[in-house]
C-alpha cells in the first residue's frame, strides 16, 4: 500500500530501479484534455539523470509512453497508463547493497518491514521512482494550465548555506532553467554550482531548499480539517525522497512575528478581495484565498557518498561501506521537477474535489447535455498535429 | 469532505463552535482495548480553555461522552462515537464576524468555497474543532500504549524567539506539565510566560514551535512512496489550525550539513540494529527504523488580536475590525495536546496497516481461533500481568 | 471499519441498539441545500417500529436531531451530524442472547471476529442501525430532488409467493403508502397483510422482494469497471440486514432470453436518445442512460421466530433457543424506507463524482465566482419559516 | 475514477481493447508470496478467446508479464505491475461502432458521460478489460491458497433455461474444466453446448447463471454495515460486464420460505461451531461463519448479435446496425474465470482487513522482529505449477 495518492485525480505508481520498466496510472483525469507524450517528456527531461555536469552521469533517456486513456490526442476519462522503460542497469555497481545497509537509506527499514527487498539499484526505494511522479504530474499540470490557467514554478532556493534572491510573484520556468542548478538568481547560482562541484570532488554531497509558487488558483480550493490544502501539500512534499521539512507562507520564520505584524490585511482590489501581504502563503483555513501559494521544501544532503562509513550487514554484523558508481552530489537541481509534479497532483485533485460541491449556475441539470468543455488553447496549438482537437478547446 | 483521516484507524469529526455539540467517530479501533471516558478526559483537559492564566479565559469543561463502541469497559470493534457538548456560547461576542472577514482567519475562504458559513464563534473553523481530534487521539494513544508500548510526548520548544533546551530521548509528560506554558526547560519556561503575558497586555499574540517525540515504535511502520510515515505526520500537523511548517529529524538545519556529516551510521547494539545519530528522525524511506521519531511544528501567532486592523466586509467594502472577547495570546501551551493527538492518530493507523501485511508466524491460520488478545494492563489494572511493558507507556 | 460509504457524499454511522443513541455523520453534502429535521423525520417514520399492526410493536419515536452542518436552514458544506436517541431499551428481553447464538443472526460471527460484542438487543447488529441510514439517506434524497429533480420510489413487490403488479414508470410514494404493507397493488396488498398476520400468529416470519425505481437521472452518472453504478447499488442493497439477492433491469429472468430479444433498441425521441425497452434497467456499462433505474432486492424471512430452535452457547455447548419479545413477522413494509435510503446514498455520491469531471461550459474558471447555486424550490417552500433561504435557490 | 478496488489488497486496471496493452497494478499484496507468471497464466488461459468452438474465434494469446513487485520469485510488498500486450486488433471490424450506438452496449453512455470515447473494439468498455481482473485475481488467489488454504471454484450453473446439478461442497476446478462449457454436470453440459451452437448458427446469443463456492475461509472475515462481505461480493460481481443479478445462499428462492424453515441451526461439530444447513451462504451479518460461501451471478445474453437492430447514430439520427466479426454466442464459459477472479480480490482484501484488527497472541510486539512468514509450500515448489492447493495445511 501507499503507492497511490489523490481522491479524484488519483495516481498509482509502480516499478523498481532495475526491473523492466517503471510506470504510473492516472485515474480520474477529466476527458477531452489535449494530451500526448510531448506534453510529458519535457518535465521528465528536467528530472532526468545526465542532463548536466552537476548531477549524476548515469545515462537514461526516460522516454515515456502513453499506453491507454487517450484517443485522437485527447484524454477519454479512462485511466492513463504511463510507462518508462528502464535502460541503464548496471547491477554490478550495487552488489554491496545486497549485503550491507547503506546509512540513511531505506535498506534496513524495507527489510524490517517486508522481510525482503529488491536491492538492485535500491529497488523500489531508488529515486528513480520519482520519474513516474513527474510523468503523472505533467498530466495534472496540463489539466491545471488548460482548464484553470494555473501555473506552478519551483526553483533551487538554497544550496547548503547559499541562498538565492527570488520573487515568487514573477519568477518563471524560463528564469529557473537559465542555469543548470535551477536557481533564478544568477549570482547565487554561480556560487551554488561551485559548491556542488567541490562536494563532488570531495566524494561528499550537499542539501538545500527548493522554493515553489503556484499562481492562478481561484479562491475556494481545499477542504476543512484533515484535508487542508497545505496539509496535502506538506504530505506530498514529505513523500519525496530526502525531504526533511516543509513550510508555507511565513513558515518557521513567521513564528517570530507578533500576530499584529503577521496578519494579512484584506482590501478590495477592483472588485476582488485581496491581501496586502501574503504570510498566509495563499491558503487560509486550508482553502485558497486567490493569492499565490508559496512554500519551501528542505532536502537533506544526498545519503550516498563516496567515502567509507560505518554500518551493519543484513546478517547483523558491524562493517564498513562506501558509495560507488554514479550519484548526485546534490539532488536539488533535479528536485525542482519533483516539487512541481507533486504540487500539480495535489492541486489537480483539489480542483476536481471542489468542482463536485461548488455553487452551480441556476436550474436543475436534468437531461440536458452541457456544452462541450473548453480547455484553454495552448499558444502553439496551431503548430501541433492535433489541430482539430484544439478547436474543441 | 476532508473531515476524515486514516485508512484503517479512521476518524471523522463534526461540529461547529456554537452548535449543540461537537464530536468524533472512531472506526477501526481493534476490539478488547480497555476504554472509558477516564482514558480520554485528561487529554481534553490539557487542551481545554481556561486552564491557566496564559490561555483564553473562556470556560468550557469539554466533558466527553462515549456513545457507542464500548461494552463492559472495552472496545468492541464497532465505531466509537465521542460527543462533547458545547456550553459557553456567547454569540454576541462575534457579531462582527458575520459581516467582516477577520484577517488571517478562514472567514473569506469559507465564503468563497461554500457561499455560506456558520459565523458564530468561527463555526467549523473555530479551534474548538480540535477538541474532537484530542478525544479521538486519546483512543489512538491508548491503543499504541497498551498494545505496543509506544509513548508520545510533545512540548513547547520555542515561543517567539525564546527556545528551550529539551532532550527528546528522555523528556516525559510530567516534565512538560510542570509549568503552564508546557516547556520542560524551566528557565526558558519562565521567560516564555513573561513574553506571553506581555503580549496579552498589548492586545497582541505570539507564535512558536512545538517539539514532539514518539518512542517505542518497532521498525517497519510506514509505507513507501506517497504514504511515507513522515508524509502522513506532516499532513497531520499541517492540518492543525495556525500551523505553518513541519520538520523531522535534522529538518531545515540539516540541509546545511554535508552528506558525510549528516548520515546516521548503523551499528549493532545487543542484537538490535541502531543508528549512532538520529538525523533521520526515526524514519528512513518512510518507514520506522526503531529510533525515536522526532519532529517539530511551527505555529504562527494567533490571528485574533485586540487591535484595529484593515479588512473588508462580506459585501465587498473596505473597513476596519478589532478582535474582542476572550482569546489566546499564544496557542502553544494548548497546542501540545493537539500535536500529540494527531501523532497518535497517524501512528495507530500505520500500526494497523502494518499488521495487515507483516510477516507472520509459521502455518496457515485456518479455522483455529487465535488466543484472545492481551493489551498491556494499566498500572491500575489490579489483575496484574506484564507490568514491565506497561512502564514503557 | 466498514461503517462508512461513499467517495464524495460520504456517510459514517455508529451506535448500538441499547447505547445512549445512534447516529450518522454526512460529510460532503454540498452547501446551500435547504435542510431541517422536518426533511428527515418523515423517512424515519416510515421505518419506525410500531407504525402498524403488521410490524414490531416496539415503540420508539426515532426523533432525529441535526447537531451540526446547517445554519439558518441550509447546509454549510461541513459535516452534518445526525443523532437519534435510544428510548425503548428492555435489556431483560434479550438476556438469552448473551449466552446463546441466535440462528441466522450475527451473534456467532461477531464473537468470532471481535472476541466480544454488545449483546444487548443485538448491539451493532440490530436492525436499529438502519435508522441512521434512513436519516442520512433523507439528506441524499433532498439533494437529489432539489438539485437534479431525481425521484426514488420503492415498494413491497412480493411477500413470500404473493406478488404485486406495479408499473415502475408511474408508481408514486403516495401509491405505496396507501396500505400498511406498502404494496401499491391493493388487491395483492390485502393478501400480503393476511399472510403476515398468519405468520405472526404462528410465531413464524416471512420474506419477500422489494422493488425500486429511480426516475430523473441524467445520462452519464456512474463510473466504469469496478464502480459501475449497478455494482454500487448491489453493494448498497446487500449491505442491508436480511438481504440475499439483487437484480437490475431484466435480472435473473432476463438470462432466459436470447440476445436479440433482450437488447434495448435505441431510437430518437424529440432530440433525446431513448430505448424502446428497458431491460438494461437504466444503466449501460455502469453508467445511466437516462431511462428509469429499476431493481429488486430479496429479503429473507426474519430470523427471529417465536419457536424453539437448535443452537449452541458461547461456551460451545449444544442448546435450544426461542425468540421472545417484540419482533417483526415480516420486515418488508419497513424495508421500503431502507432501500430508498441506500439508493439515495449511492446516487448522491455518483452525482457528485460526475460533477467533478463532466464537460464544462466554455472558458477557464479563473478567479470569477460563479452565480449562487439554485436548488429546485419545494412546492411548499412558501409555507415554511425558511422562505427567505428558499429565495437563494 | 472507478478503476480501482479494494481497501488493502488494492487493484487498479487500465487499458483499451485496441491500445498497445492492458494491465493491472496490485498494491498491498503481502511480501514473500511465491509468484511468477506461471501462477497467473493458467487463469488467463481459461478466460482467453479462441479456446474452444463455443466461444469467440478471436485469437489473442493474452500473455502476462510481471513488470515489478517480485524479486527472486517472491513478492516484495511493492506494487505488482501486470501487463498484457494487445495483439489481434482489426480496427476495420468495428468502424460502424464509431458512428452508431450498439444496442445494450455502453457506447451511448460513455459518450454521454465523457463527450468522447475510444470506439475501436469497444475501447475501455470491451470485455477485454476483464483479462486484467483475471490476472490480478490470480495473485489474490495465490495469496488465499498459500496463506489460508482458501479455494474458489466457479462453474456454469445455467445456460438459458438449461440448468446443471452441482454440489458446491465438493465441486472442483477439474470437474468444471471437463467440458468446454464449464458445467460439471456432464449431461447438462452437453445440452448447453448444443444450445450455444444453435444460437451461434442463428446469429443470436444466450445468457445464464454462474455458480461459485469459496471453501476454507475462517470465521471472522468481513465487516459490519456497509462493507459486509456479501455486499462487497455483490459489488464485485455486478461490476462484471453483462451481469444483471447476484444472490447468496438461499437467494431469491429463499424469500419463499418461512423463517423457521429458513434458519440455519447451529450445532457443535468436534469443537467447531457449524450450521446444519447453509442458507446463509457462509456469511452472517456480513462476516464469514466458516461454512462455504455460495453465490450465483446472472449474465444477460451477449449484446452483440449478427442480426439487424434498430438504433441511433452519434449525430442523433435513427438507423440500423448489425454485429459483425467474431463474437461470443455465450459468455458464460469464459465468465467462470471472471467470477473466480473477482471473488478472490474481495476475499484477499477482507483477509488483510481482518488481520489488521483480529485478536492477537499475548504480549506487546515491541521491537522483536517476528519470524519470517511461512506460506504453505507448494507440493511442486521445486519446479512450478499450481498443484493441488487443496492441501490447505
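Should a chain be cited, it is by its letter among A, B, C and D, assigned in written order, with residues numbered from 1 in that chain.
Quick note on the criterion: a residue touches a chain if its C-beta (ideal position, glycine included) is under 8 Å from a C-beta of that chain, and two chains touch if they have at least 3 such contacts.
Keep in mind that this is a model prediction, so the values were computed, not measured.
Contact with both chain A and chain D is made by B, C. Distances between chain centres, each the mean of the C-alpha atoms, put C farthest from chain A.
Per-chain Cα centroids separate chain A from chain B by 27 Å. Computed centre separation for the pair chain A/chain C is 43 angstrom, with centres defined by C-alpha atoms.
Here the CA centre of chain B is 37 Å from the CA centre of chain C. Of all residues in chain C, those that touch two or more other chains are 1-4, 7-8, 13, 28, 31-32, 77-78, 112-115, 124, 218-220, 224, 290, 353, 357-359, 369, 372-373.
Taken as a graph of touching chains, this assembly is fully connected, with contact between every pair of chains. Interface residues of chain C, counted against chain D in their complex, comprise 1-5, 7, 13, 101, 103-106, 108-110, 112-115, 124-125, 129, 158, 160-161, 199, 202, 204-209, 218-228, 230-239, 241, 243-252, 254-268, 271, 273, 275-276, 279-281, 283-290, 298-305, 307, 309-312, 316-318, 353-354, 357-359. Every residue of chain A that touches chain D in the complex is listed here, in rising order: 1-4, 8, 10, 12-16, 19-23, 25, 27-28, 31-32, 65, 67-69, 71-72, 74, 76-81, 112-118, 123-124, 369, 372-373. If you check the complex, the residues on chain D that touch chain B are 7-8, 28-32, 77-78, 147-149, 216, 218-220, 224, 272, 290, 352-353, 355-374, 376, 392-393.
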